[in-house]
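Heads up: the structure comes next, in structure tokens.
A, B, C and D label the chains in the order they appear, each numbered from 1.
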């Protein structure tokens, strides 16, 4: 018995939950879990429902659409595996973690391919029997490089693009092709230390904590809705190298947590923020 | 506009959410937030609804009762302040934190009185202008001591009894007078180091982490449903005294967090566990 | 038997530890703990020694000075209580925590007085029997306001000035009177959200973590050497008010931890960073 | 320029640091970092010194021995890579993490081989080009099974045996062959939930936190000196399976942290505790 997940967001008004669950009841499905939230400032309603049972998809969505405000966004997806493509550069830690979890069916997603602008990680990807596409950026304009990447991505039928330490800035044109579908792991607590060499910056500033932020990429690389953040303590004995290793460990951990939330359809994007039912 | 909180638990069956929210819609109240959970093993349904609006309480509960399975437990309470009595012994840290939060209206509850089996903390309580009842246990049987305490408690019209480092073991007879109403902070991760001198035990064992557990007291002192737990790191340089100080800090923090959850009616007790909508 | 604490920093060179501990051995004191660290980039040596025993202070320092490079900074202090003055504004949480710890001899410091630019906290301070100086800033130039504060501070013979949510920006002139002696708690992870209304900023950005930073104030208010940082998780259900409460809780915790380190002479300031032997 | 690490533990007495660092000074080596600690209860002295430079090893140790109490334990080791053998069973998460870190030279140790009582993990180990020894336990007495394992281990010249979720209880006879050389990751906070099915136990108890403990195995499997502990928060929505996944994540993290400490010679074992200079 496969679980289905229904995500609805729309302007709030009285009776929404009664209306929606009433329709689900008519379709004879069995609600497993249900969460709602109303963002007061924007008067916006969010609902996530997990349910099982046999039903016809089209009529259900039509009934829901008819009952809800016209601005409603309705997303019905199987709880089954998502399909993803991973972009990487030279650093292995996040990619290796995804490959291992994928190999043992713990990722909640199927990795269709890895695309990278360096060849460094090809042997690692091949160890796990997955396709690796090398798309060099040298001697290419950003536009043509991104077109090459997009051409490969679009060969696959995917739900999400995961940037596992992909170190090139993506243009708004590229990003706008995949709205709310690109997930990045950032080397710091946003909005601090946004620039290059974040660990050198952190070391110079003498911070006592190193963080990482997983977020959607919707426009500028490091500015989208935040999904997960975490930290790891450091101290004066940590040089640049040790801070970087601490950073890698927390990045890997935060990306895994964020992807678990995204792949289980627990995350709504709302403006530049997320609503997460965890 | 006062918020109301409705807590329902009952055996799960199809249509529960539709039925409940349908009734709320008939009563013209405005749902602010709503959470449901089904515990699969026991097939048990939990729902917490926060709503505002004017309505008649009796008819609403009657309608709900009629629509729900006979085993349903329905609790409707105002979101307003709870009333509590605090029991303490000699240690000040948890009590002082509660007194300060109470003084600045941050506790989410009104402290009606403090009862203690030592006089140590009387000056502290009087600083904040609250009644202090000294009920010595020396020369008293446990039964008669507990009767004296219960006599005082029962003078007050209260929702919860908070044990803020009250160090006497309470008898099952006493505890059964206040089912799901007594909250304790325990000096360790349950179920570890249950006995006396937990910090000496932790020190001897060379632990790297000190924890604390806030829980309901429903039968034996340290065995009830867990509400919140947290930890604080320690190391070999921490002697018994420093471990105790670390323990105090984490106890104070965990008790405050647990009470926030309890006072906002976010906690269901279900068997020996809790379901918490946070 | 009182413990003494010796802090030395100087350019690194071979034989420093042997020389210093050799001298201590000659003076017949008993080393309880000892920590050294060499900052490689600056080739700078740090040593903290805790020892007990009877000895003459002047000759010891003379011997050490003679044996060490001329740039050496030698600080010998009793492990006993520090003396401090606390500056506050309207928010109570950090001040109340310090007052309670002080009242129960857990602070490691004696609070000589509280100075505030509002009268809000006067009753709280008086509950604990401490002097409260109200120094209003309205109608005063920053210069004259700071002179009034400095005049009061200078009446006391103190080791540190603690800013417990003192919300006025201090001028470089004021700060330079108390080098490495002013400790502040900042409402965020530095360097993020430096401006006003940090919780509104954090809420708008949809962060999943709220932090706090305790640091020395050596020039600009929020820029000095970091002593301690910590975080508390938040989510989309936290509005501005709940984020602020979470922020208060973590600020109080971080300030207490930083002060414990400072009062036990565990912190060296080195450029804009700290070396902490914890 | 290779770093060397000197670990000394002995009964405390005045002048130890001066004596030791004086000898190091005579040998013309350059101290990089130095830590001491005295365990008061046992009056026991610990010192870890990292230094560089050319020197003759035998004479240095002889000089140190002559200057120290007869009970002194002196360990001089190169800071270079340790050599280890890993024991595993069926679970992949800790082993995979070690293999990836090893592959990218981040482990601080060379994995010489993996030994397992199941064949499950053989393909994973072979992906990374390492020897895999399958030593089945079925139909074998514990004694003969352990002899087979020891025979393989003893072929290698190793510093440590790492139990990466090796699920067989080791006999005291086996353990005593490798004193302070076996490191285990335990599926919980010791001493809680020591038995089988710890996540089922944790789920039944409704814990809000899942922990893991890395420790030396010196006698009974789950009782040795603790090296590192950490936790991950869980809640009522986590079933047995999700708690297990959370447990895996924290186990992997804690084992990696403990091994980093051990491989950099930062850990002293003292009775049933550890002294760690981090």
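Odds and ends about this structure:
The rule we apply is simple: a contact is a pair of C-beta atoms (placed from the backbone, for glycine too) under 8 Å apart; a residue touches a chain by one contact, two chains touch by 3 or more.
None of the values given here were measured: they were computed from a predicted structure.
Common partners of chain A and chain B, by the touch rule above, are C, D. Homomeric contact chain B/chain C: same residue numbering on both sides for over half of the interface positions. More inter-chain C-beta contacts link the pair B-D than the other of C-D and B-D. Using the mean of the Cα atoms as each chain's centre, the chain most removed from chain A is C. With centres set at the average Cα position, the gap from chain B to chain D is 41 Å.
Averaged C-alpha coordinates put the centre of chain C at 37 Å from the centre of chain D. Contact of a single residue of chain D with at least two other chains is seen at positions 33, 37, 237, 278. Interface residues of chain B facing chain C in the complex, by the touch rule stated above, are 33, 92-93, 96-97, 100, 103-104, 106, 124, 127-128, 237, 245, 249, 253, 256, 278.
For chain C in complex with chain A, the residues that touch the partner chain are 37, 39-40, 189-193, 204-209, 211, 225-231, 235-237, 239, 272-276, 278. Against chain B, in their complex, chain A makes its touches with residues 14-15, 17-18, 21-22, 24-25, 28, 30-38.
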